[in-house]
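Note that chain A is present in both complexes that follow, paired respectively with chain B and with chain C.
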Partner chain A sequence: MTALHFTEEQRDCLQELVNVAMGQASDKLARYLATMVHLQVPAIKLVDTQQLPQHFAQRYQQQSVSLISMGFFGDQGLRGEAIMLYQLANVDVLARLLEYSDDDSSEAEMLTDISSVLTTTFLNGLAEQLDNSFSYAAPRILSSRDQHFADKLAATAQQWQLALQVDIRYQLTDYSFHCDMILLIPGEAVLRLRQMLDQILASF
Partner chain B sequence: MALNVLICDDSLLARNQLKKSLPADFDATIVTASNGLEALTVLQTQDIGLVFLDLTMPELDGVGVLEAIKAQALDCLVIVVSADIQPQMQQRVMELGALAFIQKPASADKLAAVLHKYGLI
Partner chain C sequence: MQLDWLLQPLLSQLNSGVLVLDAELRLVFINQFIARRADVQPEDVQGKSLFDVFTDVPQAWLQRKLQGVLALQVPAFSSWEQRQYIFKLPHLRPLSSDSQYMAQNCSMLPLTAPDGVSRYICLLIEDATDAYVYQQQLQQSVARLQLANRTDGLTGVLNRSYWQQQLSYEIQRAERYQHPLSLLMFDLDKFKQLNDRYGHLGGDAVLVALCARVTTLLRDTDLLGRYGGEEFGVILPETDLTGAMQVAQRICTAVAGQPMHYEQQTIRASVSLGVAAFTAGQSTDALIQQADEALYTAKRQGRNQAVAWRAVNNEYLKKVK
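Right, the complex of A and B next:
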């Protein structure tokens, strides 16, 4: 078990940065889908990556889930992998909104497109507030309808020491849809992040 | 005479950020609240002239506070400071009586511009 953690001040600071970044991503999603997104207070916590698959398997019991991953690389050792989780039961709603056809390849393309919009907007917003900048790997689908997502998440998560679990719910006002975002980051990046948060806190 | 100002935000960082970004010549006595319910209690018991109000908060959100201010005819100006920048949300808070909308993070420039525009400095 790692000794890495955030103080209450650091957690509050990070949550506010996440809140601002989430607002920017929600605005982009709302414009993309031509609807309104209901924002909720984002919950963040640092968790051992080994606990992640079980946690999400419980949350998405008996539901098909698709996982889209995107690597990000910033200055000063800040890097990681952002994973979006979508309930496939909601995907049809999105497909109708965006006028995608309902075959599997179109579904994959749609989820990749939305993940790209959400992840890059969110992470750009976070990076800007940290006086940093990120570059991104192409998004990739980790699991589809036919694969068990918890196994795929376990395989991906084990490459990283820690997960910054950001419970972001993008709930559309007019439609039922939400997704989760997880940021997986290595231990040294958590240390860098803590230093950056301390610098922000010291300035106020 | 100093204006009584309420800063309502669930984030300590955001409250401190806003407090520190207010213009030096803005003569104000600052009180704070960390959610909408606390804000309403302050508004019902103190003579508050101006509220800086976040929207996304636990307990009672900023829209709920604006609705309560309107329903109870509380006499105060409200400037919304929020990360929820969707045009529909900005329109909604203005319809509920907000004076202005400032996108988070609140900077000294943005605050000074709004306070100046409405003759508060």
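Right, the complex of A and C next:
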């Protein structure tokens, strides 16, 4: 397990890349969603996937949470799964955000649509920073307004050794909207990511 | 090795639909998969707006998604599970599917021309009809199993465990909102004699006919269940004792008033009924017990009648015991 850990330099480098990707994403999203998008600079953290379900179960105590998953694949063995967690009082927020007011989109469709937009916009920026590019699998709903979401997160997370936890708080003018994003990355991809970070560090 | 020749045969033989749109959402290319299923000639539709050629796509939604692909330069997706299809195309399972149109997974991918400026979108359409059909069949099976799990095999009314579970829910609801709730238990009179005279099949036929007749006298929200061999219960939400007694009288009259028929034989049957109203704090078992006691009194008083539970019933029972 220790073999997968990042050095402080590697971690700082990744944090910087994530920050840049976030900045780009918030700019693009603000234009697309026609509202001010404030993305809090995320604290990234490498965590053991076994701890993740409990962490989020505590954060969303007794509340029902929707989980959306989106797989991503890059060159040089970089791959993983992005998980979005939403806790929504109502879907009207999403409908207004996506401007789907005149359409009969289901809650499930709106959730997958917004997840797709948020994750791919950020991940494309991150891939660019890593001189890579990602292709994506269609988003899937792992759990919909489910109080037992932690079990489902555990089932997904156990396939991955390490999780890159990126908590993003999206704040949008006129909307109260919040979600968490977690990137789950398998061990061998973490090794590749470390090599890429080392290359970037060496070039400075 | 020069591989340019691959592109055309590959695109035309690909078992997925490929449509390429320019930034104004005009069709630049469609492959054979789409052309044949939509019954259009690629050269006829080239340069036309997507929405002029495919007039029945969900325009507002699709336009918004495609705008996102162009603006953010990220892929977008649509799954048959959320939206069965985008394009109304025929599929190749016309007999085994209850849907007329091909279920589709669609990927909307951003493309940039070699000039580095011109933006395009590729719509990739995959046929998901098989998955859709399997899911429909699965859902139907689950629905059938759920129904079978709730109903009594002979009479088709609720079975005891499900009925009793519903009674607990109704009691909780009545307790919480302080609404009236009544319970009616009834039993076919002299069922053993019916069985002896007409055989067990005859007895079964009477039970089936009895349930059918009682069902016609109930509201949609009333719940009829088979409690035991020839004993049944009716949960009457939003009903006080007086209302429940009216229902009981109606059932009593309807059963005795019209004979039943089994293999050209006329069978006269009657029922005895006991009625109890829920009182705050009462348990499911206690309420059933009261209705049962009232039913017992109706039997003792000569059958073919309805009796409401009263505290004195209890005393009377204790005395005769």
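Simple rule for what comes next: the second predicted complex is superposed on the first by the 184 of 204 C-alpha atoms of A that agree within 3 Å, B and C clash if a C-alpha of one lies under 4 Å from a C-alpha of the other, contacts with A are read in each partner's own complex, and residues count from 1 in each chain.
We take it that a residue touches a chain if its C-beta (ideal position, glycine included) is under 8 Å from a C-beta of that chain, and two chains touch if they have at least 3 such contacts.
Values in this document were obtained by computation on a predicted structure and should not be read as measured data.
In the superposition on chain A, A:F204 contacts chain B only, with no contact to chain C.
When both complexes are overlaid on chain A, the residue A:V117 reaches chain C alone and has no touch with chain B.
Judged by the touch definition given at the top, the superposed model places A:Y32 against chain C, while chain B stays out of reach.
In the superposed pair of complexes, A:Q15 makes contact with chain B only, with no contact to chain C. Judged by the touch definition given at the top, the superposed model places A:Y136 against chain C, while chain B stays out of reach. In the superposed model, A:Q58 lies in contact with neither chain B nor chain C.
Overlap of the chain B and chain C interfaces on chain A: none, as no residue is touched by both.
Of all the residues in chain B, the ones that touch chain A in their complex are 10-14, 16-17, 20, 55-58, 82-86, 88-89, 104-105. Remark: chain C residues 58, 60-61, 64-65, 67-68, 71-79, 81-83, 105, 107 touch chain A in the complex.
Those residues of chain A whose C-beta lies close enough to touch chain C in the complex are 28-29, 31-32, 98-100, 102-103, 105-106, 108-109, 112-113, 116-117, 120-121, 124, 135-136, 138-140. Residue ranges on chain A touching chain B, taken from their complex, read 9, 12-13, 15-16, 19-24, 26-27, 30, 36-37, 39-41, 129, 200-201, 204.
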